[in-house]
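Every chain is named by a letter (A, B, C, D, E and F) in the order it is written, and numbering of its residues begins at 1.
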């Protein structure tokens, strides 16, 4: 199958979307960070009073999503119309899940914006906790839902930790 | 334990490193992307001739590492003196591993730069292949090695897919 | 009253404007810098020949307005269609007033762009004069006029230095 | 007196600081935003639970301070080693005061970084509250203290609302 | 003739394009770099296997084109819908020609985006080869074609090295 | 000869300069824009009163030089300590020459910063005049002088329009 981001000579290009329609497009991506018990407790304490790690990470994730086209070489500039970053605490796994939902009326989708928002938000959590724990791990970053555009509605579900967990946001 | 990125009132701060010494600091981070067989083959074909996905992702990763302080709110601006992004193809797992090594002579470490470099490089791979496969997954992003600074040499090794696989770069 | 930039759980969000109409929107903001007589004279001399402080500040203000969405976390990216920065010398008060007018056809207003343009322009004046005077003061930054969008035409007028001075641009 | 940011022909320049010494330099700037009672109450409520306007503004201010050299044309790039943004609620005046303290070991001072941090933080407060009140005003942005460098310690104090109120941070 | 980027008082402005129509606009710019035989051979070798200078430069050119409005003060922000950078090796002249084609549906043209893309791509070639040759020269950067908008189709052709060489892309 | 920006496998890298000495380094680059008589006269008129094209371009060039490491993928981040952009009017050739001189105390040179400063300044001139003339040409961009670092003093002189014209700044 042909990679769309290269021309007939194998040179990288920003795909021409000029003729595509402006439609409402939406995407939700998900990711998680695995932390030590000590970090987990510090983050949880922060959400109820002081040292609000997830508050700073939310802001960073939204700002990061807006800068996707600066970071990802072949991404189009998209004036996104909505961005939301959420976290879910998973005490039994010492994990924090992050969801980012992005929306636009445009000629191309916002999957990369959602994935970038998740990535920057989780890197921010990492940064603020790395003095306590240097073995945290960021992972399971994937697109869980997209809507609009030519490919229409798509959902990736995970079962038993394999690719396919349902997600909503 | 106290989170270092907050003051005594729980307000987020950029930590004061003025009095810390300028020493050589280095860090290597690792991550991977899981792709379909079809994407895997397209990427592998690209590295031997046309449609060089990993070449574009290498450039994006290096540029992303340089912009870490713009993305991660409490990160210091570091004039990094080296940045290298490498990929390793893992055919048996349909995975591509990415390593980013960053070096600086400075007052604080470059873990976040290495982790950001890996993240942006993998997001770029995702972007260039997403027309073929919308269920790729980015994960296992962690710091595998750091050197220099107060905490000295640290290695995170993984055994059997659990946190602790040794890595070198 | 509910703050619009937070969701029902108090988490910061970029407001969803997807369903809003694209209409012509315009905003003018104003601010001023109070300087010493010496600085005032140097700036005035510059406008008539050499050392054109206000020329540099005009350029900086326009460039700053374009980058509003990078600086203000919850601001939408707006491809503004007009930006104008003007200064008025106020000799009797040793003040320089700055106006910034921004226009867009979009789903949300350009108040923040106008306010950011004024702020960056005045900070630039400050920067270029701070070797002479370290007690300058920037102030009275407010929205003096906006048009378009749901809230329609709004004017803030100031009387006797209190909020409400009329402004035009 | 000669403006330092222009050459002998009146052309704007970035001042040559190559030969200046690397010394520890610090600066604190202050500013305030005047808001309606309704906005004041909403912000205050946010600091004790949900809708944390000042938390977002703190993050924005720190990130803004780091980008000063991109916004202010003749500013040098400074790898700042500390940045702190604080707010003080002033109920009797319906005002919120903002302080930003920045530190660096470098060849030139960080006044502009502190002033930019304050400006961006206050613009962020404005943005998040503008749906409630469109007549807010940002003002009294000035350098309250700087230390280090050739000009040494400087304090601007304000008496009775005139330039000269003492400030500390 | 009046310069359009200044108002009636000679102050720089970002031209108001609010009332202009959104139409498809396209532009192709061209430039070249003259290098030593040694550099030429190294670049040519790279394109067939390792050290792919032009691959990196292609990525840089596309990313540079996207950031035109940040670099050129009076340029509008344009969400470009296509960007392509190509190189042509000219062995007889030890030259490498670069073409950049940009497309948008918007209110103003993309000439500056195409010219900026060419400039950044050629600067990147320069950077990667400057350890071998410090006397390279970048030149002949011009708009070879534009279409759409009020001024319609325009072609600049060059004859015998003078302005007017035909170009296509 | 080996290209320094690639590793032993031909992968692009940011060269490791960690062990290099911090020394004073300086570079001057030059370029020119060829314009129509009409544009030339408009620019010249602007420099003596209104519509100061070269003033805006000077500011843009300095700001562009500061952002070199964001644009050129393998460039190091350099906190430059001086930047100066100058223009020389060449009436007999309908040309405007641009010089950019950059200085730093660092581990690597500032050639790319000087070349980028020239490029952005000339692109800005182009942008502001393109409504009058669409056949302008930017060219002859080269490094005319560098000092400091391992390679020491280098001068590129041009004779009869060939590479080697002496330049000073």
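Rule of thumb we're sticking to: a contact is a pair of C-beta atoms (placed from the backbone, for glycine too) under 8 Å apart; a residue touches a chain by one contact, two chains touch by 3 or more.
Going by UniProt, the chains are A, B, C, D, E, F = Cyclic pyranopterin monophosphate synthase.
Note that this is a predicted model, so its numbers are computed, not measured.
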item: Chains contacting each of chain D and chain F, listed by label; value: B, C
item: Graph distance between chain C and chain F, where chains that touch are linked; value: 1
item: Distance-maximising chain from chain B - centres being C-alpha averages; value: C
item: Recurring contact interface, reference D-F, options A-C, C-D or C-F [over half identical by residue number]; value: A-C
item: Distance between the centres, which are taken as Cα means, of chain B and chain A, whole angstrom; value: 16
item: Where chain A and chain E are represented by their mean Cα positions, the distance between them in whole Å; value: 33
item: Per-residue overlap in chain D, given as positions that touch at least 2 other chains; value: 12, 52, 55-56, 59-60, 63, 67, 70, 73-74, 77-79
item: Pairwise touch network: line, ring, star, complete, or other; value: other
item: Chain pairs in mutual contact under the definition given at the outset; value: A-B, A-C, A-D, A-E, B-D, B-E, B-F, C-D, C-E, C-F, D-F, E-F
item: Interface residues, chain C side, partner chain D - complex; value: 1, 3-6, 9-12, 31, 34, 38, 42, 46, 49-53, 55-56, 59-60, 63-64, 67, 70-75, 111-112, 115-116, 119-120, 123-124, 126-132, 134-143, 146, 151, 154, 156, 163
item: Footprint of chain F on chain B - complex, ascending; value: 24, 55, 58-59, 62-63, 66-67, 77-86, 103-105
item: Complex contact set, residues of chain C against chain A; value: 7, 11-18, 69-70, 73-74, 76-79, 106-107
item: Chain C to chain F touching residues, read off their complex; value: 52, 55-56, 59-60, 63
